[in-house]
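Think of it as A, B, C and D in the order they're written, each chain with its own count starting at 1.
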Amino acid sequence: MAMVCLSDFEAYAKKYLPKMAWDYFAAGADDCITRDENILAYKRIRFRPRMLRDVSVMDIRTKILGSEISFPVGIAPTGFHQLAWPDGEKSTARAARAMNTCYIASTYSTSALEEISAAAPDGLRWFQLYIHRNRAVPQQLVQRAEALGFQALVLSVDLAYTGKRRDDVRNGFRLPPHMKLKNLEGAFEVCKTSPGDPSVSWNDIYWLRSLTRLPIIIKGILTREDAELAVRHGVQGIIVSNHGGRQLDEVPATIDALVEVVEAVRGRVEVYVDGGIRKGSDVLKALALGAKCVFIGRPALWGLAYKGEEGLQDVLRILQDEFRLSMALAGCANISEIGPHLVQFSKL
Amino acid sequence: MAMVCLSDFEAYAKKYLPKMAWDYFAAGADDCITRDENILAYKRIRFRPRMLRDVSVMDIRTKILGSEISFPVGIAPTGFHQLAWPDGEKSTARAARAMNTCYIASTYSTSALEEISAAAPDGLRWFQLYIHRNRAVPQQLVQRAEALGFQALVLSVDLAYTGKRRDDVRNGFRLPPHMKLKNLEGAFEVCKTSPGDPSVSWNDIYWLRSLTRLPIIIKGILTREDAELAVRHGVQGIIVSNHGGRQLDEVPATIDALVEVVEAVRGRVEVYVDGGIRKGSDVLKALALGAKCVFIGRPALWGLAYKGEEGLQDVLRILQDEFRLSMALAGCANISEIGPHLVQFSKL
Amino acid sequence: MAMVCLSDFEAYAKKYLPKMAWDYFAAGADDCITRDENILAYKRIRFRPRMLRDVSVMDIRTKILGSEISFPVGIAPTGFHQLAWPDGEKSTARAARAMNTCYIASTYSTSALEEISAAAPDGLRWFQLYIHRNRAVPQQLVQRAEALGFQALVLSVDLAYTGKRRDDVRNGFRLPPHMKLKNLEGAFEVCKTSPGDPSVSWNDIYWLRSLTRLPIIIKGILTREDAELAVRHGVQGIIVSNHGGRQLDEVPATIDALVEVVEAVRGRVEVYVDGGIRKGSDVLKALALGAKCVFIGRPALWGLAYKGEEGLQDVLRILQDEFRLSMALAGCANISEIGPHLVQFSKL
Amino acid sequence: MAMVCLSDFEAYAKKYLPKMAWDYFAAGADDCITRDENILAYKRIRFRPRMLRDVSVMDIRTKILGSEISFPVGIAPTGFHQLAWPDGEKSTARAARAMNTCYIASTYSTSALEEISAAAPDGLRWFQLYIHRNRAVPQQLVQRAEALGFQALVLSVDLAYTGKRRDDVRNGFRLPPHMKLKNLEGAFEVCKTSPGDPSVSWNDIYWLRSLTRLPIIIKGILTREDAELAVRHGVQGIIVSNHGGRQLDEVPATIDALVEVVEAVRGRVEVYVDGGIRKGSDVLKALALGAKCVFIGRPALWGLAYKGEEGLQDVLRILQDEFRLSMALAGCANISEIGPHLVQFSKL
């Protein structure tokens, strides 16, 4: 089977992963409306391509928080990579490094931060965290991440409680016994069943700020009101995200929410987006609408499920090639030529 | 089979109920467009969830007509509960009481008002009625209900004639001989085949008013004009309802009609809604658009069909859990924080 | 099989009619988009029903061109009724008479005008015609119709050439040898293969006017411009029609075109509509949008195919019952209470 | 099997062509959204037909760049006609000549320009080209085309790189060894794998202009901005095209893009359109929206696949008959009567 586009990896993963693992990765909350909308919303956006522009020399590199990446696609934080591939997050880190892009490691990794760091010491790595009820947990994690060269903190704010994913309930999903939440061993066992603290509020951003010199990126913003609050509370970036449709169902597709967040932010901080990216032209649309970079979740897991580090590189390379081709056919030779003039919302 | 969401109960009921009973409960008028629209319309509404609000202490209680209920979901009046479970409305009354919510008993019950009342003496019960051509019928029913501690009257106004439900016609639907319309025994036999009086008009509200000190709620309003008339005729509440799509087909979904009714009422009386509620987030949407409480019809019957009182409690508990989770994930810790800012109508 | 709604008759006809006959009746032009849109467009209209109005005494009679009919549904002109039932148009005429409504007999009948007239001498009959290249043909037909008591002429203007109905081409459709176009025997043989004259223009209305004292109704108007021209040329009525989607495909559904025609006509002449009527509530929608009466084409043929005169009466009776019930549930006790306030176009 | 409409030819070609050839012709880029939208967009346009106009004498001839053609449908440039029929482009040229219309021969023909010219010496032929990196290639091709009596040059500008057509990648599509790119033999072998030069820009139009006295038509414009630039750079015509959805996916359907291009051009040059034409009424819609002529791509290949020259004539004849009939039924007797008043965009 030739791996030509990301759907090929999805089909492979669906076929070869254990059902419980596939279901966990594929899950959306409730009726999965937002999970699916994330994809459909991209298909309602049309390009306005320009012709006869010199696109012989293509430059698709960009910078996020000052670090150059080979193209504007990073790896979103997702948990439990060992469910997809034995080497888990270590493979993910190596693939991201090999493709010269950014990997946001999840607190809920099946490899420890230290292992991830060792797997790709000079890779661009960010660390995703929740603020646990026991503040010692995030405090220690932040310090470890900073010490290990992670270059930014990504605070997830959309998981006060875990969304209702029906298949996980039916399957009685739990991590197989030989896999461990390596970042939460020992004293932090308690965190394993309840990731966040529902009492967390905006003031906790100041507390987090006080712990570290790393940039703070807030993940899970969907409204202009919260975007404005995020900027006012001094974050360095916003990831427009609905957690892959796994938390509150029937929130807007991220590409739709991106428009209002970008408008509210007015360039004061960088805005990223995840959810629904399935081909290179989706990346181009997100950038045209104001995202600095996109992050992929499930497609990265499909790549891992296919061939570990190598499979994830395949996924990234396909996205990269498709993105470059889309840019060229739309008449853009480099990232700075991408703008809102490039897209319009379809009438249907 | 795990009962994870309301669709699981629907599937169970469809599988195990006699076809004639299932068809009767499932029936919609004509092409069933409104019956299905009631559900689809909810799916076109999107949340605008707010992050980083303290939702560690959730309070989902509310009050309807001054009585506290554990969460804003009551049991809508539907007929013939013995078709779903041998103990019929007595089970329904007990389940509502156990979950500390409101049960609107139907005139067309297969248990007598007296039995319903005895099954849950201290439960919050309202009584639904039609104004029959022979005014002695509603007059006697009102007096019985008031004496038995029912706390409000719900007047159905959308059944001047019975809608055309094709499957019922094909099945030649009729109540099995061992079931009785217990509220209409003896002198009231005549009412069994024609529930309402097509000559009833707004002035009859005054007549009903004169019979009782109970609050009067009008059920079946779909337009701003009628909402205004209801308020002017002194009712205490309005249930926006299209009778589950069983009367005039191709009227608007109730969640769409709710918007215009709430706008017209301007807070002068409480507004409720029924029809199409299938998950906790639907309740949240209805409240965001101005409903004080929602009522469920068919899902309650599926719960009864599954395990009687216990099954209906399961249904209510799932809705309650889902509603609480939706609220929290949308950033609301109590009912008063729910408002129109929480939702938007989808472009599609 | 119980005949509960019009779809039941359609299913019967599809099952029992010879394929060539079924295909001919069912045919639409090209991709059949307009044929199907005629039906779908009704489903996008929503009622705004009013409650608590006295609908105990229902009066659904109306008048068209001064003649009373039992309810606002007549029989549209369609050809070749013997393809559906041996007695053909004679059965149609009898059924229309029995139900006290109007039958528009087609020039392309398999019974002669004289036979149709004899079958229902005191029935309300209109006669449909084309203006043939040889003006002697329409002239003679008009004189016969007038002499036989037909009370109006319905001039079809949308058949300059016959539309392309793919199935008819594939089937090599032709009338079975034992059926005759009885109105075009003898000298008029030539007309059988080319119904109209593509050179006909508005001035021919004056010529037709000069031949007869009967009211002239123009059938096939879809635009405000042509509606205005029709009024100016002195017609007494307009049937908004797209020939059941059998002529130019991808013209608007008739219920959509009705709105602009009614607006243009401003009450100066009566406006009727055909196409897509499948249940009583469709009739109510057409009247709410300004039609004085609707005409049914294919459903009448299905009724004939089911049981001839009796089957067509069944179809009409079902429509009548459904129409009366819809009116009552919408809060209208008679035709004069129907108006545009009763409907709204659905957002979807 | 009767060939009644273009879909019949499509079904035939799908059944009888080798899979690799069918896939190549059918291919769209990525998800094939634009390929399919080209067709769907036509179905959202409704006619506003006018009645009682004299359409007895129909004249459907038109002129493009001063040359008369029998009806406003030409053959779009597509490659590799020998994949469809042994005689390849020679058959195409003969069929176009026989039907008295225009054939745009592709650079990527499997017959040489000289052969095409010899097959239909007095036919109206245009020549399509790319500007290759090695400018000697287009220069020589232009000179050959001009010498051979081709009457215009069609410059494709939407193929800076080849679009990603997944099936072609999976199939490892390549021309069978016995077929040759006859126009690119010998010194031009190099061009076979990379048709265009991604550095081409608007200034190259001036260079092309300097080579020839033939009119230059630019093919692949989709925006008003590029339409304005095309006019300013002195082209004689614009073909609104998205390369049959084979280049950048999710650009607008050509019939939608046509509207904005026609508006921008304001009659200064002729505008044509290709993509999605499947029946005569599509041609009428394109003309109503301002196209001077349309060009068909895949349908021409299906005709070739069916019966070579004869099959393509069948396709053109069907389109011609359907176009004439549509015009007549819409009330237009000649091309000059077609205008924007004839169409409206559907609400759905």
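Here is the rule we go by: a residue touches a chain if its C-beta (ideal position, glycine included) is under 8 Å from a C-beta of that chain, and two chains touch if they have at least 3 such contacts.
Computed from a predicted structure; not experimentally measured.
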* **Fewest touching-chain hops separating chain B from chain D** => 2
* Can you tell me the C-alpha superposition angle of chain B onto chain C, nearest 5°? -> 90
* Structure fact -> Taking shared numbers over all numbers used, above half giving same and below half different, the chain A and chain D interface sides are different
* Mind checking the centre-to-centre distance between chain C and chain D? Centres are C-alpha means, answer in whole Å. => 43
* To do: Note the residues in chain B that touch 2 or more other chains, in rising order.
  => none
* **Every chain pair in contact, whichever chains are involved** => A-B, A-D, B-C, C-D
* Going by the contact rule at the top, pick out the chain A residues touching chain D in the complex. => 2, 4-5, 43, 45-56, 279, 281, 322, 325-326, 328-330, 344, 346-348
* Which residues of chain B touch chain C in their complex? -> 30-31, 33, 44, 157-158, 160-161, 163-164, 166, 169-170, 197-202, 204-205, 220-223, 225-226, 229, 247-252, 256
